[in-house]
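The structure's right below; bear with me while I get my questions together.
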Amino acid sequence: MSRVLSLAEAVESVVRDGDTVSMEGFTHLIPHAAGHEVIRQGRKHLTLIRMTPDLIYDQMIGMGCADRLVFSWGGNPGVGSLHRLRDAIENGWPHKLEIEEHSHAAMANAYEAGAAGLPCAVFRGYIGTDLPKVNPKIKSITCPYTGEKLATVPAHRPDAAVIHALKADREGNVLLEGILGVQKEAVLAAKRSLVTVEEVVDDFGPRSLNACILPSWTVSAIAVVPGGAFPSYAQGYYTRFNAFYKEWDGISRERDSFLAWMKENVLGKTPDVFAAHVRALRIAAE
Amino acid sequence: MSRVLSLAEAVESVVRDGDTVSMEGFTHLIPHAAGHEVIRQGRKHLTLIRMTPDLIYDQMIGMGCADRLVFSWGGNPGVGSLHRLRDAIENGWPHKLEIEEHSHAAMANAYEAGAAGLPCAVFRGYIGTDLPKVNPKIKSITCPYTGEKLATVPAHRPDAAVIHALKADREGNVLLEGILGVQKEAVLAAKRSLVTVEEVVDDFGPRSLNACILPSWTVSAIAVVPGGAFPSYAQGYYTRFNAFYKEWDGISRERDSFLAWMKENVLGKTPDVFAAHVRALRIAAE
Amino acid sequence: MSAAYKPNEIMTIAAARALRNEDVCFVGIGMPSAASNVARLTHAPGITLIYESGTVATKPTVLPLSIGDGELCDTALTTVSVPEMFRYWLQGGRITVGFLGGAQIDKYANLNTTVVGPYDKPKVRLPGGGGAPEIANSCGEIFIIMAQGKRGFVGKLDFVTSLGHGEGGKHREKLGVKTKGPTRLVTDLCIFEPDPETKEMTVVSIHPGVTREQIQDNTGWQVRYANKVAETAPPTAQELDVLRELHARTARAHGEAAQKE
Amino acid sequence: MSAAYKPNEIMTIAAARALRNEDVCFVGIGMPSAASNVARLTHAPGITLIYESGTVATKPTVLPLSIGDGELCDTALTTVSVPEMFRYWLQGGRITVGFLGGAQIDKYANLNTTVVGPYDKPKVRLPGGGGAPEIANSCGEIFIIMAQGKRGFVGKLDFVTSLGHGEGGKHREKLGVKTKGPTRLVTDLCIFEPDPETKEMTVVSIHPGVTREQIQDNTGWQVRYANKVAETAPPTAQELDVLRELHARTARAHGEAAQKE
């Protein structure tokens, strides 16, 4: 049964040093506020899993939270490189970062298999690419009927999944809508889960009979953080703040400017800034 | 791109003698009208796939359309046996019916794998049951990471899938809502597909961003048959006519009463009777 | 207040009592559905009921005739596809209790819902396994409800549709199954639980007025009893009211035959 | 009416022209997205655009900055989960054309988007494969858009992220891949298609004003030409209008930097 906690309490109870953590979000609903809280709490030695590590993982890696990254596309979408990720891989700054690299199909299937309680995912993939040469986790099975060789990867079973969703109801159920990514799978695959939400409502009200809902008993902790996905977006609440993705390219390029930005905007701040960001965004749009 | 045809034309173009056919529907949205049309057109030598063969497959089997049945639960839900199915298996009437028997999990996974373009489905199943002793299609693979033995079944790749849905729009896209069963998977797994719908609308209008929609180019033929799921139901259109499920027990118990009923209610009728059934249901409810 | 009650009623109510408020329950049609909903309407208002048609956390006001009645969907938190139900929810290990029943059961609570007589030349062809083979192994534990009688409670099953405790002892573990299997078998005469060592289903509680002779006469194997055998508490007036109102509402909604179950 | 146009514009428009009204197109961000939407807004109004974020049959009025902008979801027929997108839609074989690009390409149209230099000691760490490894093999055919230059058009890839024609000839078939692979490579200088036998990417059309020398100077292998080499028709005024309006709308919606692509 999910418990509603402050973000600080929620991160403390769900994400632990040394954990394998999936903070998912596919462009939409990226849990930025939760990522900042993980950084503020100084988590170390994490294995970070994510299909599309972007700004928030760049920040966590740059701040030294992660020993290892499991991923399939590590860039600043529509902009270019993630400079902190590159600095970690290319130069070992702030320390060495091990990587386990996959394709999107493999990662999506690995989450699906994790949610389905299976030890591995089976799919048609990796044919003719060099990825299996550098990732020993990529193996295969043979179809017992056709003899076709199919790729396998281990299922993702993170210690903790962290996602941002639209809303929770009073019973602690969680609603997602729009671009769903792999968030439902990440939560169902994980041992513990933390969901930040834009708001808590008495009742979800009229909705699709097939709405994407995580029942209360599949979620460990809920924290209400309006704007918690900023500069990513929350369908129906606020749009993506594209300007910051471009700005990040400059901020993150050098270690000093990165550290200065983190100090000012993360270490010295609280989750409330996210609501303020979104308010500013709304005012600018008017 | 789907074409809107009369039910007779649609069945003629989609379902052929000797085909492997999935007419799916999980209590909700069972394609009864399409099944009657298949019977009227005298299709023969079909392999019928369905998780829950119920009245409509009982009728098709009793009328001699099927050589083979692939299934996981063959009963009259909430009532008891399917007498025509039993007569075919126990006594070979009207002719011998081969069966390939699975569990629901296996069937659902086989459709999922078919929709996913895979040759087989992999799941944790069949442990300690006698089904693998009587069904040589049930095999296994070994997980390359944990050594766990996992069950496999061949993916369903029917020649034709036949389902009933709520509505189509003018572009030929199809909307399902409520209990979805395996219908989306059956259509995506099939080479050809026929969808009967309650109505065609200009536009689906406001709906969930994640609505269950089959795009036009995944469907071969659409036929507008209001009431086409009767005595099953269509969410938001009409409710399940439970009385007929009970009545069927008596009708189908003897070969003569079965044949008489089929002659009067199927062979001598047109798809229009389904709209009339539903009208009668509405009047009775008032 | 021990109002007069029928054997079916104490069976349903005794099963309902075993359900906990925090359970996530995979419900089958018929008595399991009645028992789960009685639990929800009495001591376990927070119980989550899941039907294999994909309806999650459903709260039907009448009992469904089929596993996929509109009532289940209308009152559910949400409804997922059937592949998702079997992959993420059942196989994913999220169900704490599954209900099963069958045409035949043996002393290790293995069940047959497939066939009476040889598979290739059946005397009676039954509906088949449906969800049962995987429900039996993926749910945390299994409750079985079955009216007792020599035709159903047999020395040897004609076909094993779903695994109970196999051949007893550590058989489930040897097969790699990590769940508990059948922890409770409720009949119209008594309640069985598996012996901790042998896993043979053993009578732990006898319904009021039922004799050991009656139990043995309706069982195809030599019945064992626990060291301490309780008397099942009779249904309370509230339990009976809730069950009967549920059946009455259901009958009104579905027509007369609905309470045959 | 051959208005003045930029190399990027003819590249985008030449790619757009290759798309058919009945195509189901898996679109990547940047030029593929521009090309697909130009096709949709000109000769192929019925084309279905799918982005890997799960948006099916989307009709954005501005180009998305990311693969999962709200605009894509708002204008889609429906949006599915990412596992479903990769299983049912991509692996399910429902996509007729996939678009790819990369940091490096070789003469068989294999692509590298992973790393420049050794994998363990990279000179430049690129974003990685994303959807490309499976897009390359699951789509009916692949169109590639890449600005031509010696850094990108190389004799040997540092890393094969996604399979093109492998080592040429029947290499794809030998690997068990049933789709066509790259059938068209559109650059800012010309259009390549695979030789029917060797599968080496061969120039079939040269953009107006471009010389063979320019093409060779920007290619890290000995360029081959088809027997008949056409001149690419210059963008029409309508094509340019549509493309430029799309970029202008996008710039207004996203702020200035959006048309850097």
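To keep things simple, chains are lettered A, B, C and D as they appear, and every chain counts its residues starting from 1.
Keep this in mind: contacts are C-beta pairs under 8 Å (C-beta built on N, C-alpha and C of every residue); 3 or more make two chains touch, one makes a residue touch a chain.
Source: prediction; values computed, not measured.
K.L.:
Taking contact as defined at the start, I'd like the list of chains shared as neighbours by chain A and chain D.
P.N.:
Expected: B.
K.L.:
Tell me which has more C-beta contacts between its two chains, B-C or A-C.
P.N.:
If we tally the C-beta pairs in contact for B-C and A-C, the bigger total goes to B-C.
K.L.:
Cα centroid separation between chain B and chain C, in whole Å?
P.N.:
Chain centroid spacing, chain B to chain C, equals 28 Å.
K.L.:
Between chain B and chain D, what's the gap in Å when you average each chain's C-alpha atoms?
P.N.:
41
K.L.:
Report, in whole Å, the distance between the mean C-alpha point of chain C and the mean C-alpha point of chain D.
P.N.:
That gives a centre separation of 57 Å.
K.L.:
Identify all positions of chain D at which a residue touches two or more other chains, and write them in rising order.
P.N.:
Correct list: 73, 79-80, 87, 91, 138.
K.L.:
Where in chain B do residues touch at least two different other chains?
P.N.:
112, 116-118, 123-124, 148, 178, 180, 185, 209-212, 235
K.L.:
Draw the chains as dots and join the ones that touch; what shape do you get: line, ring, star, complete or other?
P.N.:
other
K.L.:
So which chains actually touch one another? I want all the pairs, not just one.
P.N.:
Listed by label, chains in contact pair as A-B, A-C, A-D, B-C, B-D.
K.L.:
Spell out the part of chain B that touches chain A in their complex, as residue ranges.
P.N.:
116-120, 122-124, 139-146, 148, 150, 152, 154, 177-178, 180, 207-212, 235
K.L.:
Once bound in the complex, which stretches of chain D touch chain A?
P.N.:
So the residues of chain D touching chain A come out as 29-30, 52-55, 64-70, 72-73, 79-83, 85-87, 90-91, 110, 114, 119-120, 122-134, 136-138, 159-163, 166, 171-172, 175-177, 254-255, 257-258.
K.L.:
In the complex formed with chain B, which residues of chain D make contact?
P.N.:
Chain D reaches chain B through residues 22, 24, 48, 56-57, 73-74, 76-80, 87-88, 91-94, 138.
K.L.:
With touch defined as at the start, can you tell me which chain B residues reach chain C in the complex?
P.N.:
Within the complex, chain B contacts chain C at residues 26-28, 51-52, 71-75, 77-78, 81-82, 85-86, 89-90, 101-105, 108-109, 111-112, 123-131, 134, 148-149, 178-182, 184-185, 212, 233, 235, 239-240, 242-243, 245-246.
K.L.:
Across the complex, what residues on chain B touch chain D?
P.N.:
On the chain B side, the touching residues are 1, 112, 115-118, 173, 185, 188, 209-213, 215, 217-218.
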